[in-house]
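Here chain A shows up in two complexes: once beside chain B, once beside chain C.
Right, the complex of A and B next:
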């Protein structure tokens, strides 16, 4: 069935909505990456198997829906029952029969599966009321976790493709660009360049053809926002790109997805196929003059291919290395033609901006950073997961109100924003507003939205070493400062971790960092020393402890620490059993001893001891 | 024409020209490694960086690679200052750690007062400075037999999958353009070896001297539409033949006048 007019689209939408209204209860099963790892696909299967066998009034297999990431990964696998919004967390396959019997059949709530706030002990029945969700505002993620990504009908029922219909019906390309500009939307990939300005420059370029590209090469460790959008709501990415194509006059688009996201590739491909089948992609979209098609281009997982010029080379089938962008890629991009490249999340915002208007979007967030931003919370935070919050919210609100604070009630030490080339901010920066400019001013950056929280057991010198190592491995190796500079910087950082560095090494590292930043070819190198610079800016005392006292205050750097059993030891033998180096001796119910020479400082004993009888010195 | 200022002096340049060409025309020395007139610039070595600004930039300066930066009207360029010296020195310092045995790198580093690297030296480091001159000249020739492979510090120039490049025709362009003489090759008897690949050398049918590889000859014959027997005789013998021909013509002409 081709939907070749806006009237037909609207009629179809009404039909879908009528059909969906007939299904009173919907059971949403999160199949996001976290829940999937927890076995939510088995839960889905179990629901379907039982419901096929058992006839239950008002509930059919059609009530069971798989969705993308619902967000609260720490509590997964998640099962949500709408319209009541009942939130079941940490669901296992064995709970399915009980949920069907009690909740679906009799309307009873199963209390043990509800979320209980560990601090207040308050039990929440409805997901919207849980603090984790209550402070969020979802625009880009509006459908993620709410719809079945495989069903184009779900997207359309939720208002999908109505923004496209709106522009085709009565907006000129210039007006679309005007709206996007006026909304204040800035690139969600991290650089924060005005999306509207980018589109306007491309539309003005005289050369043809023009290309529309989507950057789905999310590579920051701990970041999974784009992944969840591509997996959970692929049509919103397509709609955003089609609107962009209309605005800049393009006929051809590519979505660059890393191959490590196989589900994103499958779901996007399904969405593209469906969109083509119904006439939402291809020639004469919705019966208009607009002709635009999208293809998926799979990346091999090189971090540097998230950089615009490297990405375009990779799409063109060349070696994914950046080039100097003195002529910007918006004018000379893919195949040296004008190209708009936006991040997944940027595109996901577009349909909403068109529908609700630029003023509405600009009223959210701050003056210079409008709208919301998706973040993935990772690290030592209690509520790990995927969130979307208005710009201008403080780090404290994100980490404590939404994130629930630090695991095991330990002390907060730092939060890393902006991915490996971002920076680590200390506790006294927790009240900073989260927006593009404030984060940059404070030595970090917005980046694509990864947020890694660290507690007091983290060594910041080791954190710097870890991220530098990542960048050394991911540097493309084309230019000298990035290839050799980051390599040497990492080696010097390792020397600090081993307690073998002196003050002059720190000075050398700082000088080297300056040169790498000012002379590298692309953004990877230019921001490469950030892990070191931001940690030494805020945690110089830790570096000095490594250099001057050969001590690791975080108790992490193996060469500088010793594990010792204190008098609290009750001789439970747990540590003795886990020690792979056979370094622990002792009898049951008697204090154990660690042989410091044999000990390889793996930390297994420390992790297993329940009574804090092991000290790190 | 475009007017710009280099080190305080106003100069003219053609539109679309790169800064480095204009700087060199002024007789100003800016160090380069990856730059070569025969091939497209890539900006790998970063040594040719200069600082640019404009009147309306409020004193803000930007470091750019002059080999890749197209000239602009009103551009104010500085080619030497403390910051640029520091950048060039650090780059050479890093290279000295990576390629400690390269005379080429050592000589350039010495110009910046570096006798030894400030960083831990890699005793087994090779002389490749990853300037891509070899891969770019190979591309210009239309073969692209070798390319940069791997990433970061592991990066090497090699044939596909690290094996002998199937498309290599043994023309030696890569070896000749390599600034550090890192690309090794040798001619022994009838055989030339480069990139772990052996080629048969054509012997001149007159004097027997070895000229170029059979593959290179075939490639040139096809590409330049040369006669199939063009490379059977070496250039020296060809010259001699021509000289003899002209000589005999002169003799004949003289005899005719007598």
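Right, the complex of A and C next:
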């Protein structure tokens, strides 16, 4: 069925909504990456199997919906029952029969599966009331976790493609660009460049053809927002791109997805196929003059391909080495033609901006950073997961109010934002507003939205080494400052971790960092030393402890610590079994001993000990 | 291990002979054989009408390609930031002592390959291990070998 006019689209939407109204109860099963690792696919199967055999009034297999990431990964696998919003967490396959019998059949709540706040012990029945959700505002993630990503009808029922209809009905391309500019939307990939200005520059370029690209190469370790959007709501990415194509006058688009996200590729491809089938992609979209099609281009596992010019080379089938940007890629991009490249989350915002208007969007967030931002919360934080909050919220609100504070009630040490190009912010920066400019002013950056929380058992020198090691491996090698400079910087960092560095080495590292930043070709090198610079700026005492006292305060750097078993040891033998160096001796129920000479300080014993009987000295 | 070049050619033929398909073709070969057999570099170069050096360059630039045979079971350990601070190194150490291979290596019987990957985007479940595309979250190091072997 081709939907070749806006009238038909609206009619179709009404039909879908009527059909969906007939299904009173909907059971949403989260198949996001976190819940999937907890076996939510098995839960989905179990629901379907039981409901095929059993006849229940008002409930059928059609009531069971798989969705993308619902957000609260720490409590996964999640099962949500709408319209009541009943929130079941940590669900296992064995609970499915009980949920069907008690909740779906008799309307009873199963209390043991509800969320209980560990601090207040308050039990929450409805997900919207849980503090983790209550503080959020979802725009880009509006459908993620609410709809079945495979069903175009779900997207349309939720208002999908109505923004596209709106522009085709009565907006000129210039008006679309004007709206996007006025909304104040800034690129969600990290740099924060005005999306409207980018589109305007491309639209003004005289060369043809023009391309529309989507950057789904979410390479920052610790970030998974784009993954969840591509997997959980692929049509919103397509709609955003089609609107962009209309605005800048493009016929051809590509979504570049990193190969580590196979499910994103599958879901996007299904969405593209469906959109083509219904006439939302291809020639004469919705019966208009707009012709635009999208293809998926898979990455090959190179972090540098998230950089615009490298990404464009990779889409063209070449190796992804960046080029110097004397001429911006918006003018000479893919195949040297004008190209708009936006991040997944940026595109996901577009349909809402068009529909609700630029003023509405600009009223959210701060003056210079409008709208919301999606973040992935990870690391040593209680409520790990995917969130979306208005810009201008403080780090403290994100980490404590939404994130529930630090694991095991340990002390907060730092939060890492912005991936390898960003930095670490300490406790006294917790009250900073989260927006593009404030984070950059304080030595970190917004980045794509990864937020990794660290507690007092994290060594900041080791964190810096980790990122430098990452960048050394991922540097494409084209320019010397990045290839050689980062390598040397990493070597020096390693020396600090081993306790073999002197004061001069720290000075040398700072000098070298400045050189790398000022002379590298692309963003990878230019921001490469950030993790080092931000950690030494805020945690100089830790560096000095490594250099002057040969001590690692975080208890991480292997060369500077010793493991010792204390008197709390009950002889459970867990550490003995896990010790690869055979350094632990002891009998069952008797205190064990570590042979410090044999011990290679891998830390496995410390990790498996359940009663804190191992000290790090 | 000798792989019939006709078999490789059949995989190559799935996509049109267009230079921009280079990476996609290599990905298809990699998926089929778990690595890029030596012969495939020449075959792809001929198919796309480009020098072998250009194909080789792409094959070595992108991390997802391997020019040496990999094991039947691919064990990936995520080393994203969250996994790193939650003890991904412990998992790598345990796999080393249990299987006798370091990241990037394959057991002699070609049964297991251990790889370290940069962030797989399942940070909320850190540390994460992936065995043959199945995700395992919150892996405690003493369970690493069991997970690797059973999948």
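Keep this in mind: the second predicted complex is superposed on the first by the 592 of 617 C-alpha atoms of A that agree within 3 Å, B and C clash if a C-alpha of one lies under 4 Å from a C-alpha of the other, contacts with A are read in each partner's own complex, and residues count from 1 in each chain.
Assume a contact is a pair of C-beta atoms (placed from the backbone, for glycine too) under 8 Å apart; a residue touches a chain by one contact, two chains touch by 3 or more.
Keep in mind that this is a model prediction, so the values were computed, not measured.
Novice: Which partner chains sit in contact with A:319 here, chain B, chain C, both or neither? Use first/second/both/neither.
Specialist: In the superposition, A:319 touches chain B and chain C alike.
Novice: Tell me the contact category for A:167 with respect to chain B and chain C: first, second, both or neither.
Specialist: Touch partners of A:167: none, neither chain B nor chain C.
Novice: Check whether chain B or chain C contacts more residues of chain A in the superposed model.
Specialist: Result: the larger residue contact count on chain A belongs to C.
Novice: Contacts for A:416 in the overlay, against chain B (first) and chain C (second): which applies, first, second, both or neither?
Specialist: second
Novice: Look at A:259 in the shared chain and tell me whether it touches chain B only, chain C only, both, or neither; answer first, second, both or neither.
Specialist: After superposing on A, A:259 lies in contact with chain C but is clear of chain B.
Novice: For A:214, using the defined touch cut-off, is the partner it touches chain B, chain C, both, or neither? Pick first, second, both or neither.
Specialist: Touch status of A:214: no partner.
Novice: Is A:227 contacted by the first partner chain B, the second partner chain C, both or neither?
Specialist: second
Novice: Determine, under the contact definition given at the top, whether A:301 touches first (chain B), second (chain C), both, or neither.
Specialist: So A:301 only meets chain C here.
Novice: Looking at the overlay, does A:515 come into contact with chain B only (first), chain C only (second), both, or neither?
Specialist: Only chain B; A:515 stays clear of chain C.
Novice: Contact-wise, after the overlay, does A:480 reach chain B, chain C, both or neither (first, second, both, neither)?
Specialist: first
Novice: By the touch definition above, which chain A residues appear in both interfaces, chain B in one complex and chain C in the other?
Specialist: Touching chain B in the first complex and chain C in the second, residues 302, 319, 474, 476 of chain A appear in both lists.
Novice: Taking the touch rule as given, give the residues of chain B at its contact with chain A in the complex, in rising order.
Specialist: Residues 42-46, 49, 63-65, 68-70, 83, 86-87, 90-91, 94-95, 97-98, 118-120, 129-130, 132, 147-148, 150-155 of chain B touch chain A in their complex.
Novice: Which residues of chain A touch chain C once you look at their complex with the stated criterion?
Specialist: Residues of chain A touching chain C: 33-34, 36-38, 73-74, 76, 218-224, 227, 259-262, 297-303, 314-320, 376-380, 384-386, 416, 419, 450, 452, 454, 458, 463, 466-467, 470, 474, 476, 574, 577-578, 580, 602-604, 607-608.
Novice: Under the definition above, what is the set of chain C residues touching chain A in their complex?
Specialist: My answer: residues 18-24, 26-27, 57-58, 61-65, 79-87, 89-90, 93-94, 96-97, 117-126, 128, 133, 135-137, 140-142.
Novice: Spell out the part of chain A that touches chain B in their complex, as residue ranges.
Specialist: 302, 304, 319, 321, 323-324, 326-327, 472-481, 483-488, 491-492, 508, 511-512, 514-515, 518-521
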